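Here chain A shows up in two complexes: once beside chain B, once beside chain C.
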Partner chain A sequence: MTAGGGRRKIPAPVRTALVGLPLVGFALVGLLAPVLAPADPAANDLSASLLPPSADHLLGTDQLGRDQLSRLLHGARISLTVTAAVLVISVTIGVLAGTVAGYLGGWVDRIVARIVDMAVSLPGMLVALAVIGVRGPGVENLVVAMSLWAWAPYARIARARVAGLRASPHLDALRLLGAGPVRVIGRHLLPPALAPCLVYASTDVGSIVLGVATLSFLGLGIPPPQAEWGQMLIEGRPYLASAWWLAYPPGIAITAVVFASNLLGERLAVGDERPSVLRWVLPSRLRLPRPRRPAPGTPATVESRRSAESRTTVDDDVLLRVRDLSVAYPRDGGIRRAVADVSYAVRRGETLAIVGESGSGKTTSALAPFGLLDPGALVAGSARLRTGSTARELIGLTFRHRRHVNGRQVGVVFQDSLAVFDPLRSIGAHVDEAVRNAGSRGRRAAVRRISEDLLHLVGLPDPATVAGQYPHQLSGGMRQRVQIAVAIAGEPELLVADEPTSALDVTVQARLLDLLGQLRDELRMAMVVVSHDLAVVTRLADAVAVMYAGRIVEYGPLDTVVRHPDHPYTRGLLDAVPRPGAAPGTRFRTMPGRAGAGPDDTSGCAFAPRCPIAVAECGHDQPVLLPVGPDQAHRSACPRTRAAGAPPPLLALGDLDGG
Partner chain B sequence: MSVSGRPRSVGGHLVRWTVDTVGVLLALSAGTFALVLLARGDPAAVLAATRAGRPATPEQVEAVRSELGLDAPAPVRYLRWLADTSTGDFGLSLRTNLPIGPEIADRLTVTAGLVAGSVVVAVVVGMTVGVAGAMAGRGPLRGVLRIGALLATSVPAFWLSYLLVLLLALRWQLVPTSGMAGPATWVMPMAVLGLPAAGVLSRVVAVTLREAIDRPYVLAAMARGSGPLSIVLRDGLPNAAGPILSVAGMIVGGLLVGTVVVEQIFGWPGLGAYFVHAAAARDVPALQASALMLGGGFILANRLADVAQILVDPRSRRTSGVRSDATSPRWGRPGRAGGRHPHQVRSETG
Partner chain C sequence: MLEIEQLTADHPRRHGRGRQSVVEDVTLRVAAGEIVGLVGESGCGKTTLARVVTGLHRPRAGLVRFDGADVHALRGRALRAHRRQVQMVFQDPYLTLSPAQTVRQALAEPLHIHRVGNGRSRAARVDELLDLVGLGPAVGGRRPRQLSGGQQQRVAIARALALGPRLLVCDEPVTALDVSVQAKILNLLCDLRDRLGLACLFISHDLAVVRQLANRVAVMRHGRIVEQGPTGQVTGDPRHPYTRALLAATPAIDLGVTDRSRRHASGPAGLS
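Right after this comes the complex of A and B.
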């Protein structure tokens, strides 16, 4: 990241312009060749043949004593002439054909599209060669032959652009106003169609220059007395070994123009690439700077203070302990945190639920310890996984070491059940891979038998058939079951489930939750469940962490938090849940205001703008998690309710906004 | 190549593909035949002169004209020509007065060998560099690979030949300068043809692989403990296969066209050289025959790549009675980054 940051100082448009610079140079040299050239490119002087570069002839002379530099400059001129002519002809024809076809639609459009498809699928150089083969070489024939294949992409681009514009209400209005087709096409369609074509033309220069040089090299392009780069190379061929100055300059000139054009085309076509997940394969990338924003007056969270004290007392029961986890993404030139100072602990066999609105950082908090975030994420803090007698720090693990954790000690069920499967591989292939990763070596059939057992275990009735199917052939509920099968293949001690039931309908949800609960108990797994759905949480969880704007605002045993919510946000969340037994027509309380964006977007308590009991101090003092009452396990980040002693009655559970 | 939104079964795809392919090949043949109509000068006069060894009399020309059937209307001549060529009868060369068919057959094997060797070079080098480019971080290696690949696609084949001849043949004397006699003579032609193609391929592999790897299923694979090699080979490359196959088709087609230059330079008696000789001598029947062969090979290579994409994707295998969430069966058509950028493909024809 840091290495990339320094390099990015030149803004992208400037870089694109720099890339295009050689093309501008080519055009200028071509235009000014008669002025720049020191000698007549066609002036023979046999007494001065094959002279190496000198002050008189900067690039030496050829076999006829002609000045190479002058010939090179005039070569640019002839290349430029042909290129410009070909571009003018093909852009004109292409844009006109594409625009008219796109405007008229119907059968005209189909015919033009068909012709364009054919023209694009024919080999351009062969067409040019064949046409010159029957018509003979020469500048005019060359231009015609090259235009014959160069026009088609422009027609395609213009057609696509116009087809997109055709349906716009703007054009309908013009037609209603009585604008004829010529006016509509000429004034309102041609200009927008021309723009992308001109961009493409700037990248087309290279292939045309290369085509001209190639044809001339074959003796089928520009005829001999004229200086052309390909022509110069073929003429110099017999003297190649002795006169190096004949071999290099024309080749370098062609390569430079074509290279600049290709580079420009690639920049315009692809744009800047994002970093890839595979970046993680490189271990050095994992050592990331801690993205702490200097926040004066922000006290360390209680969790971290407490953990510093309790470091000596080994809590054998805790399977995963996350401390001060912060996750940040580079954005707008700076770094913005999505999750700040999150600490939680999962005991063996216990289920922790992380709840919150979308964007509150709950998924990030759950997946960060296992390296399963977007590749741009910067992760700081600590996450210790204690399995058996060994403890392992998960933050900063290399890809290689992560493989001992993921799939063996930890299984993950993701939210999106379609995207997480490789569409090209069968269900069986996915489960087999998980079984192998978990350590089963052996024949394909033996592994497959284990896979089918797993699929059976998660309640899929016909494992053998399902194993042979592809992800798109299964329903969402079945795919979630397969995900669970994959996740438990390594008999993990911890199962992380990110919104495992969000995309499913209610009956399927219920059965899936039952399955998760049952597997957890049978396999004695601990679980981290991420959800926005309190129904899911109450069904599975022992403990709950409520997140808001990237921070945990309340944390404690499920019963306590649901019965005696402390933080106003938690209470608001509980109030928004429809309950059975409520009178018909009951309006459940919804929370006013918008969800906060992230921990770095606000100072003080992020919930303050929406909080019914907020006071001025809430806007600048960052609240910390503190125990609620004597029970150390229940903690909340709201000093206001604490100041009031008992929870004020305004938002108590069951307080319905009746109507 | 028109795409309708309706999902099709594999059988439907294949029927459509066959119809499209035959259509394009017929268009090629019509275009090739039309070369006769474009020709400057009278082929009958040229052939008559070749036979007589001196400028022919009008009677001789007329005799040749009716012998060749050149007095019939163009559509009839096209159909006749099409029937003849489909049996391998391409007529007589105006230059040598010998039948073109057998000549073409011999040269076809030379060109096929050259293209096959170049494909091996392109695939081995291109895939290696491409995968390395996708795996490389934002560091200098990635920039070097990218610039190197672009440079390889930008160097004109004829100049690259010069450089190799100067270096390998003249300075180090490792290989002969030209000819076609044993492995040592294969090195330069195959490198000249294969390396630019490798450049194109590596860019497409790098970009599409990177894209295929930035997907949730790769995170899922990491979650179940799969290693980088498994991710690249099992998830990355197959999902990048669509654009890669498509470009591979273009590359094979481009190589066929590239033989025109390379065979000429290194003196290989293949189709490409034949094409250039025919073009230089305005030998229209020979020109038609070689254009048809090279053009047909070019088109078939591209079309085969298209059909391979359909076969490779299980989502296009429609199965009845099972719920299908497949988005589009034509998913494999590369979109923006797929390297189907025409200029990239054209640039290795030189």
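Right after this comes the complex of A and C.
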């Protein structure tokens, strides 16, 4: 199965199944031992004692003339029985106890947690020895002895998992629907708690098999004459030099099972816990059929480049010029573009807004020039950043060179202000670091003074106090201000802000946008702002690039784009914004369908399926960004509106001006 | 239908002792077939109010009455019956749906809980619900992570509607969604009000949305309602300075703001 495909990559579920194969083999051998074994494992034949491997006895015979192969197979059966029993008992007890404790919380949780702590801290072998010492050896006692310490880790895993889920709105929703605790626990908490436990169990198989063998080796496990691996080892020990076939096979079997179980545990734990187990069990149910995609690199690339080059304008003030930027990710053995042929430019003191829905490639387009994407991203095209009189190509910069650009010439503000800060370091430490990175040498106190000035600059009233606080102690708006302070520490010429206000309240949002605008003017920075909300960027932007399915569909001065949108998608986006003049109860205007997936999913216009004015050609001709009317600055990628002449303004101007 | 009277609610303080009031002396009414918008910044107590109204959180003082009955005094059978009348839609649809359930399973869950109908009638109801929120039958077999944000929120709304509630409490239902998707969900709520006579307490920080959607608006600040009234009156002639501040901060495509563009009359830098 592995060799057949040559260099072809084996899909993950198949690999998991392959890794699990040895354990499945172990289970099968154990189950089928009575059928597979050529002889009775307990049948003595002193005339045939200590025979080396031969056709009659594939693994030879022991000192009592018993067939070694049969004993090995029956040994697997005993190991399997004990392992299965221990796992069933300990997973059941552990998951139930952990789930109930995690769900109920309070004193129940505290008691269960203490018991679990005790059980985990006791040395398992000693507990087992004590139990067997009291109750004597035997399969049942062995199972009891091993379950006593094996359940605790499961309880701990399940409890942690459920405690994490307890606060989630999903349980609130269920409670509101009227679901009782039995249903909540049984249907909604046990399955997610069980999944990581099963992953752990796959590793536990090895330790239980080893434990059974160890106890038997010590004469405390399975009593003779039953065949058991540990016991076979101890019986074979005196003959190590003379009859190697006695000790080696059980030793190899134990090692193999332990290895296989650890390997499987490793494999399952790599991915996200729940799906990989499910995928392993039910490979087909979770996978959606995916349509085949056309090969990347459509002919339109060349055409758009030619059209762009034919109108070279000399513009010295342009700080960042991105040309024909494409970003692709390797996926499913192929390469798939997330962004295709994106070109934009920003001048000093100017703000460009990149607007689009989730998945439209707006963030990717803004961050790609600065190497801020996933390391697996393949970036092509050009992004030239002007510094002084020279321009530096950003695409393909090495990490070392990039350090001189990021943080000094370019500052970046991300959407999730909690995720960008190290929760264990104070705000002051973060800003200090940015100040030092920007090239300030000097004593701590001097650096801290600069940091506090920066915090003051971004409108935090009491910089000294804020500097001593930790990220979680600040509100979202304050953290976003700190992020801005960090971003401007190096006095960058360009500030890139990725959804800087999306998670914030409107009032906070308005103040932050004003702050950004003010800083841009004071520091004469260029700015690229990414947002899904056209209304938000009107506060700040000079120019807008509207993106859809990884391409820019309309580009131009903010006023023109908002007042005279050309592309049907831009009009749809504008329509969706609630309007101040609308009477209460007016329906919101919407676009049919859902967002297009990526630039490589269709050969034509990605918006065509949702477009009210699309014709058949739209489905196969890739539209090119061309000027709308005489104004070279305003471009749109819709040939239909071009053909029809100037489109009527979609919103009456009275509407827009708040009438 | 829903009457909230002089409601005060609190949380234990996160650091230190005692309890901290988050909702104070709130009085609010929602009539049948009416959408009431509740607007305020994060931390103003909107969400706590929603949780008190739905019975997830106990108030310290005051009453929540639904059809005249005190919601927090309900027990057993009466509480189960009440659950069918009032449902809630949360901000993040992905977190409110069970990741392991398919859409059909999620929609059938409330029917199972309340032992409504048999297998066949439940399946029919699930089809009806999918249709009601504008999802195709193909969506039924998917799991939440295979859906877009808008679809997830539709599923969450459909599940809330499964038992035929008369009041829907929506806590920031569109905040996590793209503007274009947001409009569709809001239209869906309008439709549901018009077709089913559903009342809705719609909580949002975005006055722009509430202005267009709600029949009446209440503005909340620091746990208190500072202004309430018909939407036109509150947004057209705001009395409280805080309402005015909220209105001023509301993003809108109002070209008066974009005078910067006129300064840069040459438009965006050339693409070449």
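In the analysis below, the second predicted complex is superposed on the first by the 334 of 659 C-alpha atoms of A that agree within 3 Å, B and C clash if a C-alpha of one lies under 4 Å from a C-alpha of the other, contacts with A are read in each partner's own complex, and residues count from 1 in each chain.
The rule is simple: a residue touches a chain if its C-beta (ideal position, glycine included) is under 8 Å from a C-beta of that chain, and two chains touch if they have at least 3 such contacts.
Not measured: the values here are computed from a predicted model.
In the superposed model, A:179 lies in contact with chain C only, and not with chain B.
In the overlay built on the shared chain, the residue A:261 is in contact with chain B alone; chain C does not reach it. Of the two partner chains placed by the overlay, neither chain B nor chain C lies in contact with A:39.
Of the two partner chains, chain C is the only one touched by A:634; chain B is not. Of the two partner chains placed by the overlay, only chain C lies in contact with A:170; chain B stays clear of it. By the document's definition of touching, neither partner reaches A:84: not chain B, not chain C.
When the shared chain is aligned, chain B comes close enough to touch A:220, but chain C does not.
Once the two complexes are overlaid on the shared chain, A:419 sits against chain B while remaining clear of chain C. Contacts of chain A with chain B, set against its contacts with chain C after fitting on chain A, overlap at residues 274, 475. Residues of chain A touching chain C in their complex: 168-170, 172-180, 183, 187-188, 191-192, 274, 286, 288, 308-309, 311-313, 315, 317-318, 321, 323, 343-347, 350-352, 357-358, 475-476, 505-511, 517, 532-536, 538-543, 555-560, 562-563, 572-580, 582-591, 594-595, 625, 631-635, 656-658. In the complex of the two chains, the chain B residues touching chain A come out as 1-2, 24, 27-28, 31-32, 35-36, 38-40, 134-135, 137-139, 150-151, 153-159, 162-163, 165-166, 170, 203, 207, 210, 213-228, 230-232, 234-235, 238-239, 241, 253-254, 256-257, 260-261, 264, 275-276, 278-280, 282, 284, 287, 291, 294-295, 298-299, 302, 312-315, 319, 322-326, 336-337, 341-344, 346-347, 349-350.
By the touch criterion given at the top, residues 3-4, 7, 110, 113-114, 117-118, 120-127, 129-136, 153, 203-204, 206-207, 210-211, 213-214, 217-220, 230, 233-234, 237, 240-241, 244, 247, 250-251, 254-255, 258-259, 261-263, 265-266, 269-270, 273-279, 281-282, 285, 370-372, 375, 399-400, 402-408, 410-412, 414, 416, 418-426, 429-430, 433-434, 437-438, 469-470, 472-475, 483, 486-487, 489-490 of chain A touch chain B in their complex. Partner chain A is touched in their complex by these residues of chain C: 41-43, 51, 54-56, 79-80, 83-84, 86-88, 90-92, 95-100, 109-110, 113-114, 142-143, 146, 148-151, 156, 159-160, 163, 178-184, 186-187, 190, 205-209, 211-215, 230-232, 245-246, 248-258, 260-262, 264, 266-272.
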